[in-house]
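Presented sequentially are two complexes of subunit A, the first with subunit B as partner and the second with subunit C.
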Partner chain A sequence: MKANGLLSASQTALMAVVARVMGIIDVPLRYLQRKTGQSGMAAFFLAPNMAIFAVFVLVPFVINFVYSLTGGSAIFLSDRSFVGAQQYSEIFACGNYLDPNSCKQDVFWIAAGNTAAFVVLQVSLMIVAALITALILNREIIGRSFWRAVFFFPVLLSPVVTGLIWRWIFQRQGVLNAVMQGLGLEPHDWLTERNSAFFASIGVSIWAHVGFYTLILLAGLQAIPKDLYEAAQMDGTSRQRVFWRITLPLLMPNLIVVLVLALIKAVQIFDEAFVLTHGGPGTSTMYLVQYIYETGFASELRNPGLAAAASILMGAVLVVLTLAQMAASRKNEKKGAR
Partner chain B sequence: MSRAVEFVTRRRGASGTGKGWHWTDVFTWVWLIGGLFIMFAPAAWLTLSSFKTSAALSEFPPTLLPYVTETVKVAGSGKPLPLYDVTLPDGKTARLVELRRIGVIAQMADPAKPEVVIKVNIKDRKPVQKLHFETSNYTEPFVHFDFLRYLWNSVFVTVTATLITLLVNSMAAFALSKYQFRGQNAVLIVIVGTLMVPLAVIMVPLYSVVSSLGLLDTLWGVILPTVATPTGVFLLRQYMLTIPDELIDAARMDKASEWQIYWRIVLPLSAPALAVLAIFSVVWRWNDFLWPLIVLSRSSLYTLQVGLNVYSGQLNVQWHFILAMTVVTMIPVVLVFVFLQRFIARGIATSGLK
Partner chain C sequence: MGRITLEKVTKSFGAVDVLHGIDLDIREGEFVVFVGPSGCGKSTLLRQIAGLDKPTSGEIRIDGALVNDVPASDRGLAMVFQSYALYPHMSVRQNLAFGLENARMPKAEIDARIAEAARMLEIGDYLERRPGQLSGGQRQRVAIGRAIVRNPTAFLLDEPLSNLDAELRISMRAELAALHARLKTTMIYVTHDQIEAMTLADRIVVLRKGRVEQIGSPLELYNRPANRFVAGFIGAPSMNFLSGQIEGVSEAGTMLRLFDGEIVTVPRRADAVQAGQNVSVGLRPQHMRVAHEGENGVPVTIDMVEALGSETVVHAHASTGEPVLAVLQGQHNLSRGESLKFAFNPADLHLFDNNGVRVSGT
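Coming up: the complex of A and B.
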């Protein structure tokens, strides 16, 4: 290894221990290899990951459908009674399909409506902000990697930290109200008023994720051949025309990927919004994942079957979005091959 | 002076060919400086606030830096009393201590002569303040609350999950990139296909699986469901495909076992991809919230994220502790940001994973 000279004594000792352990593991594995041959070893290497994967992803994925067809509040499948499609008809039992309050499961529809509004607003505003930021970072500015890092910083923060940072800023006695007062404006109860709490959750979520999408768009911008711009400049093309005729069309594949990724993420909004407002006031920032969580685990009227049915409905939306993304990235690859 | 201005405002590129500032140049810098403020100021504000006493935290409007009112011990009174600069009726100012306060009238006295009580309207006085970093906000939650426990749980989950992730993912990636076997494509399709099965969709049945394995309310119940990341397998496989097969054939001729080929040849050569996955895994596992929240109900098992959420949801939120513990929770991620941000940026730009 190249870095050998830089390894400290303790690191070398650690390497020796690792080498010894690996050597010991090797003994039974050589025996196994003699028995099964090379292709058998492939199965051995694949086994741990696939076992964990099967137990914790595939099995739950499959039995989720069974769950959604059972009733009661028991957790174990064997204790649950089969009720057929009752959970689904429960969800879709509405007096008037345009009014969530007329539904039997009104909270589900309120959460679905909140999520839909959140997705539309958050994704559109965030992509515009990410696009502007990426365009700016793609210019010849001083300290580009510094500026890129600036917008990326919140992406790494945990949703809980993000939620608490903004709760501290938005609270009644918080710095935002102090600034408002300093400017001669009325202080506002940001997180306990329905509309402002909803928009706060959108703003916080954009703040937390815009840097991620900026990076993808920036990579797309940097892949656009420079000679196109030079040719346009020689022809004296105006900036607006260059943007609409060169930059935007060539960035479109990346924009579509970013759009679908952002949609998939936004549908699953939970953590930061939950820490920020706990779904309140009332149900104004209650989103689908929180509904599933509370229906499945947290409330006294626990109903895992209903939660499973709701999660399958949400999963169906995500499947559609994922297929859209696959189609988009395939188109992307074709474009790259040309 | 004019040369300095010329130096600072000098620009490159097509727009900077000696012409004046285009509106997009102005917009660029407004956006960047504004971005700098919006992206960093909230976390900086939280960090500054975390050094304030709980009395200073309840002040409105808040001060930027953590100040405390200076106090002084006075003969005949048990605890130190707060000092104020008072404007007396005759226009002179004096530095007095507050003995007690009734409504808008405070009974104050000269610290040297506490027996002479002066009545002062609280409008006419200002507290004497000094800069003070309240470090007990950090030590108290560790000593008197369970935060040391939460910190340890978080570190344990993050480190263990990352090590297991690296091991099982790299083994699977090795099998998928360096062997030909039946059903290989099926395995790949299943892995890539479930890349998009989010936790939120399977959390109810996953809970029952974890609980029937007896892992409910254990840290292993938090760790195990997260380690077989399809993203990690995919990332490592793509990287291992670039390792030449000739190396492996040569090792086989030298009678190396398959296990030796894996850990002596393929693993070291995949170090860059392993490093990227390790960084991602650390950030993911450190930040995990929803799944630990579901699995862990005993408070001695909480991770930092769950503990913070629980404490911040209490009726009388002790903000001075919450803020300090939020800063502690932020530290590893800030370290990753400062030292490893470039690798992550490259990882995202090339693979789009998060």
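Coming up: the complex of A and C.
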């Protein structure tokens, strides 16, 4: 639109075309609304999205569930035999659930244990890192926009690229060992020693995702009115008390969102960790999705039914976490409405 | 306790000068209102006093002690914010107690102060509620309560009523005045609403573009505005300004030729004016009435009439095109397009020179 508020000739022509097209579309839509009513129109407009959801989410989910009830190594469903809940029984066949080696599918339980440990450590460390980063980036620091971009940049990278970059850094002949040697320190087998490989996978995952969660927390920090801090300043509140009594409680809605999103994402850990360590050494960095992938597709004795059953179980965990997020969001909305 | 003195206080944000050497002496127990249009620097000035901002130069003293480098919390002041600035996740009681807990005050003392403030402000029934569960007026009381419990040497109030509806604003205004009368504590109040300023203040400080235009009691400002800005800002509706010319100054006062050629004598000797000098003639809308047949007055043509029952507001224009607004007592049968004259008492005229400075004398 021009500064004087009038439309240019080309804009007027475009508006005329749009009006013409809308007029043409309007005729059948009005007819449809007369026939179906307003609720029918809502279904009509939702139908394309529902179709996409069905094709790419619902149908695969159902097929996956059907696979989990079948046995054998054949790929096509028609070649597979129905075994009922046998795959689930196999997974849960354990002498002692706290000892994976007593389970028939010991690798599943090792992967589940690794995933649980990964989730607890990665999520807690990442939330602390995201919070600290957000608090720093919320201050009047020099080059604030630049630093915000720097922290967000890894989020834009493909997980495979992330994994490859860090493998290049962590490998025996990698950058980190070169730097350590330059400083006169002993090189370390970062990716072939159990604990360091595990913590490397956690560190890389945090590096890759912390920017996203920082952004959410930063938005939350900026939404806290400055007046509250000034009121606290007038009240002589120490910086620690301001953080614990004002910032943290007011940031809690964002923290809950970050917690649940990070939990869901962490349960799904696969690509960057797989590229980094291939699950090794041994099974020390094998996580659930890798187990599912290898059981279903990558091993010579592939068992798509077992993989499907494992993925259904993992899906159940994700559903619980998603419901938790929805409940937390609703609680926040209610709080906000008050 | 509670005397606040400002000497040549300036404040700049980068290259932008917001305050230009403010001198001010606020006496103990005084209710001073900073008033002025948006962007005049009144809130900035309040923040310098509060300690939320540091002046670029100049001195701020509280009870004689220089406080430029004293943190806000150590100045013994309490502030009520425009947005209330209540902690939304805390109950009213926790909001009131928060500042006192910072000072590590014994719990019994905190409870006593909260009880006293709650009684004074009638907020006892909702001490356990959160701010989000309160109305605007209740929140405002809590914000004032939070200031009261600190037992400050002075209250700083930054447009505290601006978020309230008109009716509530009037009642809260009265409550604030009563509160000041009861506490007898120095209060500095920022507003852009000149009616709030007129009704609350012992003294008003009129600010424009970071400078003090005039300091005085509400009636001093109303009756003897120092310049055309103050004359136009104080009083509602605003003062009318008509063109005129000085005819001469005598013992009887200042002779003035109005735009229509009529000569009137303002019964005050104007300061430093010369015959033939053009002046701006100020006349308040309330000081006009419809002229009788044959009586002198300002000839106008009516543009619009607002009949409010107890008074009639007439929007008109003079032959020079200058707008003229009159607030006439009672009801008048006037209509748009009608020509008439507004009579006035020459003693009610205010004269301002070309720079807007008052010249109409005492």
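Some points to look at:
Note that in this section the second predicted complex is superposed on the first by the 286 of 338 C-alpha atoms of A that agree within 3 Å, B and C clash if a C-alpha of one lies under 4 Å from a C-alpha of the other, contacts with A are read in each partner's own complex, and residues count from 1 in each chain.
What we mean here is this: a residue touches a chain if its C-beta (ideal position, glycine included) is under 8 Å from a C-beta of that chain, and two chains touch if they have at least 3 such contacts.
Every value quoted in this text rests on a predicted model; they were computed, and no experiment measured them.
Under the clash rule set out above, the superposition-derived model of subunit A with subunit B and subunit C shows the two partners fitting side by side.
By the touch criterion defined above, A:V289 reaches subunit B but does not reach subunit C.
Applying the stated contact rule after C-alpha superposition, one finds that A:D227 touches subunit C and leaves subunit B untouched. Of the two partner chains placed around the shared chain by superposition, subunit C is the only one that A:T237 touches, whereas subunit B remains out of contact. When the two complexes are overlaid on their common chain A, residue A:A178 makes contact with subunit B while staying clear of subunit C. In the superposed model, A:R245 makes contact with subunit C only, not with subunit B. Judged by the touch definition given at the top, the superposed model places A:L276 against neither subunit B nor subunit C. Legend: residue contacts after superposition of the two complexes on their common chain; A:I206 is shown touching neither subunit B nor subunit C. Look at A:A130: by the touch rule set out above, it reaches neither subunit B nor subunit C.
Counting residues of subunit A touched by each partner, subunit B versus subunit C, the larger count belongs to B. Fitting both structures onto chain A leaves subunit B and subunit C with a minimum C-alpha separation of 7 Å. Where the contact sets of subunit A with subunit B and with subunit C meet, they give residues 233.
Across the complex, subunit B is touched by residues 1, 22, 25-26, 29-30, 33, 38-39, 41-46, 48-50, 52-53, 55-61, 63-64, 67, 75-77, 132-133, 136, 139-141, 145, 147-161, 164-169, 173-175, 177-178, 181-182, 207, 211-212, 215-216, 218-219, 229, 233, 239, 257, 261, 264, 268, 270-271, 274-275, 278, 288-289, 292-293, 296-297, 304, 307-308, 311-312, 314-315, 318-319, 322 of subunit A. Those residues of subunit B that touch subunit A in the complex are listed here as 11-16, 24, 27-28, 31-32, 35-36, 38-40, 42-43, 45-46, 49, 58, 60-62, 167-169, 171-172, 174-176, 179-181, 187, 190-191, 194, 196-198, 200-213, 224-225, 227-228, 230, 233, 257-260, 262-263, 268, 283, 286-287, 289-290, 294, 305, 308-309, 312-313, 319, 322-323, 326, 329-330, 333, 336-337, 341-342, 344-345, 348-350, 352, 354.
Touching subunit C in their complex are the following residues of subunit A: 225, 227-228, 230-238, 241, 245-246, 249-250, 252, 335, 338. Those residues of subunit C whose C-beta lies close enough to touch subunit A in the complex are 50-52, 71-74, 77-79, 81-89, 98-99, 102-103, 130, 132-133, 146, 150.
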